[in-house]
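Have a look at these structures, which come just after this line.
Presented sequentially are two complexes of subunit A, the first with subunit B as partner and the second with subunit C.
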Partner chain A sequence: MLNPYATFDCLSIGAKLQASLGNVAPTELQLFAYLSCLLSLYRQRPVAEWGYSFAGTEYGAPFSPEINSAITQLIIEGLLFEEDCYLKVTDEGQKEYRILLSLSQNAQREVFLEGACSSLLALPISIVREALHSEPGLRSALKLNSTRMLLSEGNPEMRMLYKQFETLGQAIGMKVDNLMIPSVVWLTYLSQFRTTADIQENLPCQK
Partner chain B sequence: MSEVDHNALAFYISHYMTVIVREHGLQGEEVLQKIIEVVREIYKWVEPETFRGPITVFKTLNGDQNLLPVEGAQTILDLRTLSQDVHDCFALQILSSGRFLLWKGLKPNPLELSGRAVVYEYRDRTERFFANKKEKEVTKVVPSAASAFSVRTFSDLRMALDEYRTKMVRQSSCRVLARAWYDDKRLFFINGPEHFMRDSLTHFLKCSMRGDVEVRPEQNMDESHPVDIKVTWMCNRIAVIEIKWMGKSKGENGKINQQYWPTRVREGAKQLAEYLDMNIQQVPLHVTKGYLVVFDGRRRTVIENTQLISREHGLHYQDEEVDFSPRYHEIRDDFEVPIRMFMEPICQ
Partner chain C sequence: MPTVLRLPRVKKVVLRNFSLFTRESVITVDLQGNVFCLAGANGLGKSTFLLALNYAITGIVPDPERKFESIEEYYRYSIDFSSRFFDGRISQRDREASEIYLEMQVGQYEYLITRSMFAPKELRQFGLYSTEGNVRTPIGDYSQLSPDERHDSYAKSITDHMKLDSFEQLVFLQHFVFTFDERRDLLFWNGEVLERVLYLAFGVNPEKARQADLLRRDEDKAWSLARNYNWQASQVRRQIEDLEEQRGFEFPEENLQNLSEHHESLLRDRENAHNLVVQIEDGLRDIELRVAGISAEQAVLRAEYQEVFSRYIEQKSALEYNPLVIVSARDSKCGLCGAQGEHVAKAVVERMQTDICPLCGSRVDVEPVEDRSRAFGRLQEIDKLLAEAKVQLDEVLQAKGRKTSELEAARRQLGSTEKELVSLEEENRGALERLQAVRGTDKLDVVLEGYRRRMQELLRKKDREYKLRDKRRKELQDLQAELELGYVQGEEEFVPKFKQLARSFLGLDLDIRLETKRGSEPGITLLLDVNNTPRRMLHQLSESQRFFVDIALRMALAQYMVGVDGSATLFIDTPEGSLDIAYESRAGEMFARFIEDGHYIVMTANINTSQLLRRLAERCGKSRMRLHRMTAWTDLSEVQIKEGELFERTYEGIEKALAGQE
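Our next item is the complex of A and B:
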C-alpha cells in the first residue's frame, strides 16, 4: 500500500527541483523530503503528523522506504521518467501533482515542501546536502557508521534538534511566513559549522 | 546556554535574511524572495565574474515608489537584454507589474534606498543586502563562486576539473585515461594519447555536471580551429577546453617519437586566446571562458630504454608549474587560470 503523503511529496519536490536543476536524483527527493519534515518540526508540528518515517544511512543521508516505494510506483505509472539515474516529472505527473495539491491535507504540507525547495534559490544543492550531514540525527548515523531511525521522540539527537530550532526561532521568529528563510539561515550555519566540527572529529566529508 | 548555541544564535541573528525580516517584517520576506529570484535570473544572462559592479537591485516595500530619478531609466521587460545593454555597473528596480527600470552606469547609495526598499548590491565578488539602513554581507558558502546566486556554470566547471585532477588523473584511475600510457609504470605515453585524455575528461564532465548543460568533444570553432571540449549551458555560457600534454610518447616500435615541454603548453595558451577572440565575434551574446588543461607526464632522466624510475625522478616535476608569458589568465577576464594535472608514475 503506497503512502499518499510520500507520493504527493515526490511529485511536488520533483516538480520544484526539476524547475531549478533540470532533473532530480532519487537521493535528492529523499533529502528534500527530509528537510521538509524538519521544517514542519520547526513549525512545532509533531513528528508523527508527517505521515512517514526516515532512517539515517551510514553515509549520512536520509532514507524513507515510503519515498522509495513511491518513486518506484510513480515510474511504473509513467508519472516519473527515469533517464541516466535522474528522474523527471512527466506531463502526466505534473497534472497529477496539481490535482493532488487541491486536496487540503496536501496543501498544508506544500508550505514545508516549498520552503525546503526554495532554499535552492540561495544555496547550491551540494551545500544543502553537506549541511544536512551536520543535522544531529544524520550526523550521528554518519559518526557511528550505521543506519539508524531518525526523529525518534526522546532521543538525544531529537532534543538537540529541538534546541537548535528553538535558538533559530529566537533569532528569526517562529511566525515567519516564508520557510525558505529559517531553512537557509540554519543550513548556512550547519555548512559553516561542519567545517570546524569535522576537523575536530575527523569525520569524512561526504559529497 | 551552551557555547555552541551562543555561537549559533549570533550567526542566525547576523544572517542577511534575519536582518531583512527583523527590519522590514513580512513585507521584507516577500520582497527578499523576489529580489533573489530576479538576481538569479539576471545572472543567467550577465556573468558576475566578469563584472566589478556595483550591480544594484532593489524593490520598494509599499508598491512601486520612485527612489531614483525615473528620467534616466529605461523600462525593460526581459532580463535577457541585459547581456547586451550593461557592461560594468547598473541599477535595476523591480516593479510590481513584472517590468523593470534600468539605470545604466548608475551607482546609487544602497543605504539611502534601504529605508523604503530591500536592496541587493554586488561589488567585486562581494554581495550585500541593505534593509532600513542596515547592511549585511552574504556568506560565501562556495568561495570560488563570484555570487551565491549565480547559475553554477563556470564555478561548477572549475570544481569539476579540480575533482577530476585529484580523483582521476593523479593516479590515472580513470580506465580510459589509463590507456594513454605505453607502459605499466606510466613513464611514456602512447603515440597520440590526446584522444584518451579528451574522452576521459568529456566522460567525467558529462557525469558530474548537473542541469541544462551539454558537454561535447572536439567542436570546431571554424574549419581550422577545433577545440577539444566545448561545454554549453542553456543560458548564455560557453566554456572551451583546450587540452595539452607534456612528457614523452613512444610509437608501436618502442621508440620515443614525441616529447613535449612547457613551450608546447604556452603555444596551447596562445591558441586558446585566439579561439576566444574569434568566439567573441561569432557569438557576441554569449559569455565564453577558456580553460587550458595540461596533462603533465614529465619524468626526470627518462630515456628510451628506461623501465623503472625512482621516486625522486618520477615526482620531480609534480610541483613545477609552467611559467606563462603572456599570462593570459591575468590579463583577460575570459581566460581561466591554466590547470596542470600531474600524472604520477609507479615508482620503485
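Our next item is the complex of A and C:
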C-alpha cells in the first residue's frame, strides 16, 4: 500500500527542488526527505511520527523503501515524469501537491520539508550531500561498509545526533520558526567536521 | 522379556526452499547403505541438516536451555521452541514454501511425510503403505484431513508400529538415545534421562515406562512442594517466636505520653502520604488508559488514512497521465515502437479524446470523478479526526507529565515520613513495644492466632505432599522391581554388546552395572566401571573419550531394544571432537562393528584429517557407506574457497579408502 506521508513528501520536495534545480534525481528526493526527518527530530518530534523509515546504505546515502515505492507509483499516475534518470513534477503533480497540502497531516510536515529544501538557498547541493555523509548514522554505515536502519532508538549514533542537536539548540535556540537556519548551521558544521576528520584520517603515521 | 521395538529407518530426505542452503532450492538426499555421512566444512549447516531430519520425524527441535523434567513435558514444552527454531535460518521469502519430505520404513510399513518447517504439529502430506511380502499396499487416505489431523494420524500410526505407548516416547528416544547431537548430552552423566531410558529398554512394556515417567515426575513435584511448604512454615514459626518474645518483654517505667503522641502523628502522616500516593497512582493509571485509547484510535485512523490515500492517488491512473502516452504525444514519437511523425501524436490524441486505448484500441471507462472527490472528502474527515486526536493526546500527555511530577513529590514525602518513623521506632524500640503491649495485647493475640493458623495450614500441606511423594515412591518401587527383573533378563545380551563396542574404542574392559536405590529415595541408574581398576579411572577419560563411551552405550541400548531381528539407526553429529589419531581410528572401528551387526548410522563430519572417517570407510567400503559432499549446497566462505584444494585432497583420501585403495 502507498505510504501517504512518503507520497506527499515526494511531491513537496520534488516541487521545491525543481524550482531551484530544474529537475531532481531520485537520490536527491531521498536525501532531502531524510534531512526533513532529521529536522523534525531537532524539533523533538518522535521519530516514529515521521511515518516512514530510512536505512543507511554502504554508499553513505539514506534510502527509504516507502519513498522509492511512492516515486514509482507517482510516475505511473503521471504526477511525476521521469526523463534521463531525473524526475519532474508534472502540472497535474503540482496541482495534486497543492490539494494535498490542504490536509493538516501534510501541512504539519511542510515546515520540515521547507526547512530542508531551503538549505539550497545557502549551500550548493554537493555540499549538502557531502555534509550528510557525516551525519552519525550515515557516517557509521559508510565507514563500516554496511546497510543499517537509521534513527533507531538506543543506537550510539542516535545519542551522538541528540548531542549535536542539543549543542545546535543552545547555539541558535530550539524555537526558531524558520528551520532553514538550524539546517544550514548544522550542515555547515557537518561539512567542516568531515573535512577535519578526513584530514586527521589521512595524516601520515607519526614515528 | 520387554517389548521389542521397531525403529524408523530413513531412506530419503528432500529439503525444499531451505534458505540456509543457498545454492539449491531443492535438496534430495538418498540415504542408501548402512552409513550415510554428510561431509562438509565448518558453518555449512551440517548440524542443522540433522536437526531438520529429526524435526521431520518428531516435529521437535531440542531446546538446549530447557532442563529435562519428564518425557511428556519435554514434548509439550518443546513445541513452541520448535515452531520458532528455523526463523532466521529460513528467509521470510521462503517461510511459507519451506518444507521437508521424508521417506522411512518402520518394520513392514513405509511412511511418506511432508512437514512445514514452522508447524511442528502439522503435516502437509502423509502416506502410509504396508510393504509386507514386497507388495506395496496403501493404508488409509489422509489427503482430505486437515494438517493437524494428518499429524495426529501419523503420530498414532508410528507409535503403534514402533510398539511404543505414546508419541512423546518416540520423540524422547529419538532425541536422547538415537541422536548424539551438538548438545553433547551424555546419558551416563544424566540420571534423570537415563532412568527413563532404562524403563523403556528394560521395563516390561512402554505403557509401564510411561507410568514410571509420570510417577517420577509427580514424586519429584510432591517432594519439591513439601520442602517448600516446610520452609515457609519454619519462616512463620520464627515470626511467632519473635512476637511471643515481645509480649513477655519487661518494660522500664517512664513517661510515654509525648512519645506516643509523636508516634501516632507520624503513623497518621504516613497513612496520609501513602493514601496520596495511591490516589495519584490511580489517576495516572486512568491517564495511561486514556493515552492508550487515543493512541489506538490514532492507529486505526492512520491505517484508514493510508488506505483511502492509496485509493485516491491510484484512481488517477487515467491514460493521459501514462508516461508512454505523454512522451508519444509530446515528441510525436511512439514510445513503444519508435515510429516518428505528426501522425503519431495525432493518432494518440484522437484516440484519447474518444476514450479509446492508443495501444490496443479497446474502449476505456472514463474515470469516475465523483469517486475521487468522495475519497478526498473522506481523507479530509480523517485528517480532521487525526488532528483532533493529536490535540487530545497532547493535552493528556501534559496531564500525565503533571501527575508524574505530583507522584514523585508524594513518593518523596512518603519516603521521608517513613524514614522518620523508622528512626523513631529504632531509637525507642523498648518503649514503643511496651506501649503496643499495653494497648494491644488483644491485637497481638489476634495476629499470633493468624500466624499459628497459617503455620498449621502449611504443615498440613507439607504432610499431604510428603504422603503423596511416599505413595508415588511406593508405586515407583513396584515398577522398579519389575525393571530390575527385566534388566537381569536382558543383561546377558546387553552388557556384552556394550563391552565389545567400548573395548573396540578404548581398548579397556569397561563394565556396566545397574545400581538401584531403595527406601527413602528410590532410583535406578547405570554405573560404569573399569575392570579391576579403581572407579576414579573414569574421571581420567577425556571429554571426547566420554562422548564415544556414551555413543557405545546408545548403540548397545538401540541394539538391545530392537532385538536380534531388528535394526536401529543412530544419528551422530560431528563426533570426532579432539581425539588423538589412534583413538580416532578406533572410534571408526567401533562404528564399523555396529554396522556389521546390521544397523545404520546417519552422521555428519568435518572435512579434516580425522582417521575416524578413513577407518570407517575402509571397513565399510562403497557398498555399505556413502559419503555425501555438502559443498554444492551453499556458498563457501572466502577462506574455504581459497583452501579448496585441501578439502579436495581429504575427500579423495576418504573416497580411496571407500574404494579399498588405501
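As a convention for this text, the second predicted complex is superposed on the first by the 200 of 207 C-alpha atoms of A that agree within 3 Å, B and C clash if a C-alpha of one lies under 4 Å from a C-alpha of the other, contacts with A are read in each partner's own complex, and residues count from 1 in each chain.
By definition in this document, contacts are C-beta pairs under 8 Å (C-beta built on N, C-alpha and C of every residue); 3 or more make two chains touch, one makes a residue touch a chain.
This is a predicted model, so every value here is computed, not measured.
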item	value
Side-by-side fit of subunit B and subunit C on subunit A, or clash	fit
First, second, both or neither for A:Met158, with subunit B first and subunit C second	neither
Which superposed partner A:Ile172 touches (first subunit B, second subunit C, both, neither)	first
Contacts of A:Leu21 with subunit B and subunit C, given as first, second, both or neither	first
Contacts of A:Glu92 with subunit B and subunit C, given as first, second, both or neither	second
Which of subunit B and subunit C A:Val47 touches, first, second, both or neither	neither
Which of subunit B and subunit C A:Ser104 touches, first, second, both or neither	second
First (subunit B), second (subunit C), both or neither touched by A:Thr188	first
Subunit C, subunit A and subunit B - angle at the middle CA centre, rounded to the nearest 10 degrees	140
Contacts of A:Met1 with subunit B and subunit C, given as first, second, both or neither	second
Touching partner for A:Ala122 - first (subunit B), second (subunit C), both, neither	first
Subunit A residues touched by each partner, larger count belonging to subunit B or subunit C	B
Closest Cα approach, subunit C to subunit B, once both complexes are overlaid on chain A (Å)	19
In the complex with subunit C, residue positions of subunit A that touch it	1-4, 7, 73-79, 81-82, 90, 92, 96, 99, 102-105
Subunit A-facing residues of subunit B, complex	1, 4-5, 7-9, 11-13, 15, 17-18, 21, 26, 29-30, 32-33, 36-37, 40, 139, 141-142, 148-149, 152, 210-212
Subunit C residues within the subunit A interface of the complex	305-307, 309-310, 313-314, 316-318, 320-323, 326, 376, 379-380, 383-384, 386-387
Touch list for subunit A against partner subunit B, complex	21-23, 118, 121-125, 127, 163-164, 167-168, 170-173, 176-178, 180-181, 184-186, 188-189, 191-193
